[in-house]
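The same chain A turns up in both complexes below, where it pairs with chain B and then with chain C.
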Partner chain A sequence: MELIIFYILVAGILISSVLTVTSRRILRAAVYLLFMLLGSAGLFFMLNFYFLAAVQLTVYAGGIIVLIIFSVMLTSQVNEKLEAAGIKKSLFSLIAVAAGTVVCISAILNYNFPAVSSAENDSSMRTIGLQLLSYKENGYALPFEVISILLLASMVGAIIIAKRDVSK
Partner chain B sequence: MIEGIQLEFFLILGTLVFFIGIYGFLTRKNLITMLMSAELILNAVNINFVAFNKYLYPENLEGQFFALFIIAIAATEVAVAVSIIISLYRRIKSIDVEKVNEMKY
Partner chain C sequence: MNFSIYDFTEFIRSIHFWLTGIFSPGLADVIGLAIIGVCFLLFVTLLGLSLVYVERKVAAFFQQRLGPMRVGFWGTAQTVADIIKLIFKEPLVTKNSDKFLFNLAAFIVLIAPFMVIGAVPFAKGLHALDFDIGLFYITAVSSIGVTGILLAGWSSNNKYSLIGAMRSGAQIVSYELSVVLSLITIVVLTGSLQLSEIVASQSDGWWIFKGNIPAIIAFIIFIVASTAESNRGPFDLAEAESELTAGFHTEYSGIRFAFFFLAEYVNFFIIAAVGATVFFGGWMPLHIGNIEFFNNAMDVIPPVIWFFGKVVVLLFLIMWFKWTFPRLRIDQLLTLEWKYLLPISIVNILLMSLVALNGWHL
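Entry: the complex of A and B
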């Protein structure tokens, strides 16, 4: 049962990511991207990373997709079709991508990974919160604070960049 | 971890999604669709981190923290990129990358 759900999720991820990059209607591409993100949130749920899956759902599916759809609606006609990429361009990109895929997959299959550990992990909210704010060994207090400053800076930057030019 | 699924399966899934994103990045001309391809790439990396964390080092949570930070950085990146796209659209009425050759003053 678990395996069937897993394969359905993987197939959904692959199909909707292919459709994201090939769909000629931009709004549909955004919705396919949403399905891809939902699928990977499902994968995180199956691997018992509940907090990460919830963050993926709220930040990606709730925030980023809405932002992208808003920008689509502000900048282009929803019904208009994108022009397809030229045959030469898509052929060369396909060759480059296929070469990269083959190299990466053969590297993965030939590498001897250390034995799979079967220890249970403790990914409860309490552990995550304590480790995220601890400044001792294995603590992530500094990156956490740096991320918060980055969020503030990007918020201010986004407002200033998108603001209408008053001087004209 | 899921019974009957190897670590390599996750890594191959991540590779495929990553290169699908690269393909979109190379072939698309519209700035917003290129942004979506970048999201695909970031998400492929997240899948890899989580699989490594779960299969090889389940006693630590490092992969999960890296995935969290990647999600946060993706959010800031999209916010700034969308504001740049909107101000570009106001200026030249188009978001095609090939028409954006007059970005300088």
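Entry: the complex of A and C
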């Protein structure tokens, strides 16, 4: 039963990721990307990593994809098609993809994954929350704060960029 | 089978045992899933039909009309007749539109409500998905819905649709923040995102009463922001008839139009259900502290009735907004969110943390 769902999800992910890069209509590519992200969120749900799955849904499916669609909507027309890649470009990307596949597969095959007990693998919301704000061993308080400063800086930057024309 | 209207845990378990007794374990799981899916499909359809009818009746009474009266007793069969008409109508597609995305968008808007409604706790044990991230799951999944609206507006190749989609996209993305922040305010008190635990934590009183002033502020922000997030009036400028014909679903007809309509009403129900669960105790009857005789008297009313009663009250409240307040302009709408609701809800979380730390809540 789980295996069937796994294969359905994986088939969905593979097909939609191939379509994402081959589609010549940019908004369709964004939609295929959305399906790819939904599929991988499904995989996380199957692994009982609910938090990660929900983060995948909010940040990628609900955030990034909406941003992409917004920007595409404002810049392109329904009938616009990207021009097909030339033979040279396709050849080089094919080589790059093949090399990447070889590296990934060999890395996965050579690494012997240690079995992890479910106690070590505790990914409940409570544990994540406590760990994120703990400043003791294995705590993430410092990275958490640093990331929040980075986020604040980028928000201020975005506002300044958006405002620049007004001051002129 | 031991069926009890007060606790569905045993009933669901006995159905599961009955299924595993007849079929092999794998097949029993599949059949169980199929039964749950069919139940939700039926529920969502009935919900859509009845909510449209109720909305029309409420609107009519607010405007001193009678509303639909001809089909069935007091017009109760009106929406059934409408849906039959919509099914048989020709689904038109505009000439220069992206047909694939145009058709897909109607289904994408339905994905989110279907995924969310499984996480709603209807009664004790009547709960399809109970993750430990429950509330986060609901907010995460419902953020997908906006994609369908944006796609619908863009692929129609119609300027009104595009403007409607842009408006509703901007609106949903901004008001999502306030909805989530107001829910987090209550999570500060519950200490858990799991919906069954949130309900259980209200067994000695609902959070709206126990949570002091910040809970009431959070509820007001929640009801305003979620009304806006679901594109309902007075925030329905995404489909303002007088300026944009029908907004993002202008070009849709027949059954695809019905999908948009259904998604809108299911989202409407979900808002009321989440609000009822977080602020009004979900299926938990009205309990006051440890006053035994009062609590026992309230327990006589089944949890399902408590849940749907609270939901109906919230639904009526939101309909009341729609038919009372005039529509906002887009700049007023965005000002309301970014200059008022968002700062207030952030300060409110701080206030709530203070209340929780000092134990000022009940």
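Criterion: the second predicted complex is superposed on the first by the 148 of 168 C-alpha atoms of A that agree within 3 Å, B and C clash if a C-alpha of one lies under 4 Å from a C-alpha of the other, contacts with A are read in each partner's own complex, and residues count from 1 in each chain.
To be clear about the criterion, a contact is a pair of C-beta atoms (placed from the backbone, for glycine too) under 8 Å apart; a residue touches a chain by one contact, two chains touch by 3 or more.
Because the structure is predicted, anything quoted here is derived from the model rather than measured.
Under the stated touch criterion, which partner chain does A:Leu130 make contact with: chain B (first), chain C (second), both, or neither?
neither
Counting only touches as set out at the top, which of chain B and chain C does A:Leu34 meet: first, second, both, neither?
A:Leu34 contacts chain C only, not chain B.
Quick check for you: in the superposed arrangement, does A:Ala54 touch first (chain B), second (chain C), both or neither?
After superposition on chain A, A:Ala54 lies in contact with chain C alone.
For A:Gly63, select first, second, both or neither according to whether it touches chain B, chain C, the two together, or no partner.
both
What is the contact status of A:Met1 with respect to chain B (first) and chain C (second): first, second, both, or neither?
second
Who touches more of chain A, chain B or chain C?
Of the two chains, more chain A residues are contacted by B.
Name the contact category of A:Arg25: first (chain B only), second (chain C only), both, or neither.
Touch partner of A:Arg25: chain C, not chain B.
Taking the superposition as given, does A:Ala85 touch the first partner, chain B, the second, chain C, both, or neither?
first
Once the structures are superposed on A, label A:Ile147 by its partner contacts, choosing first (chain B), second (chain C), both or neither.
first
Considering each complex separately, which residues of chain A are in contact with chain B in the first and with chain C in the second?
Shared contact residues on chain A: 51, 55, 63, 70, 72, 74.
Going by the contact rule set out above, which residues of chain B touch chain A in the complex?
1-5, 7-8, 11-13, 15-24, 26-30, 32-33, 35-37, 39-40, 43, 46-47, 50-51, 53-62, 64-65, 67-69, 71-80, 82-87, 89-90, 95
Any idea which chain A residues touch chain B in the complex?
Going through chain A, the ones touching chain B are 2-3, 6, 10, 13-14, 17-18, 20-22, 26, 29-30, 33, 36-37, 40, 43-44, 46-49, 51-52, 55-56, 59-60, 63-64, 67-68, 70-72, 74-76, 82-83, 85, 89-90, 93-94, 96-97, 100-101, 104-105, 108-109, 113-114, 116-123, 127-128, 131-132, 138, 140, 143, 147, 150-151, 154-155, 157-159, 161-162, 164.
Quick one: which bits of chain A touch chain C in the complex? Just the residue numbers, please.
Contacts found on chain A: 1, 25, 27-28, 31, 34, 38, 50-51, 54-55, 57-58, 61-63, 65-66, 69-70, 72-74, 78-79, 124-126.
Residues of chain C touching chain A in their complex?
Residues 26, 29-30, 96-98, 100-101, 104, 131-133, 136-137, 139-141, 143-144, 146-147, 150-151, 153-155, 157, 162, 165-166, 169, 173, 192-194 of chain C touch chain A in their complex.
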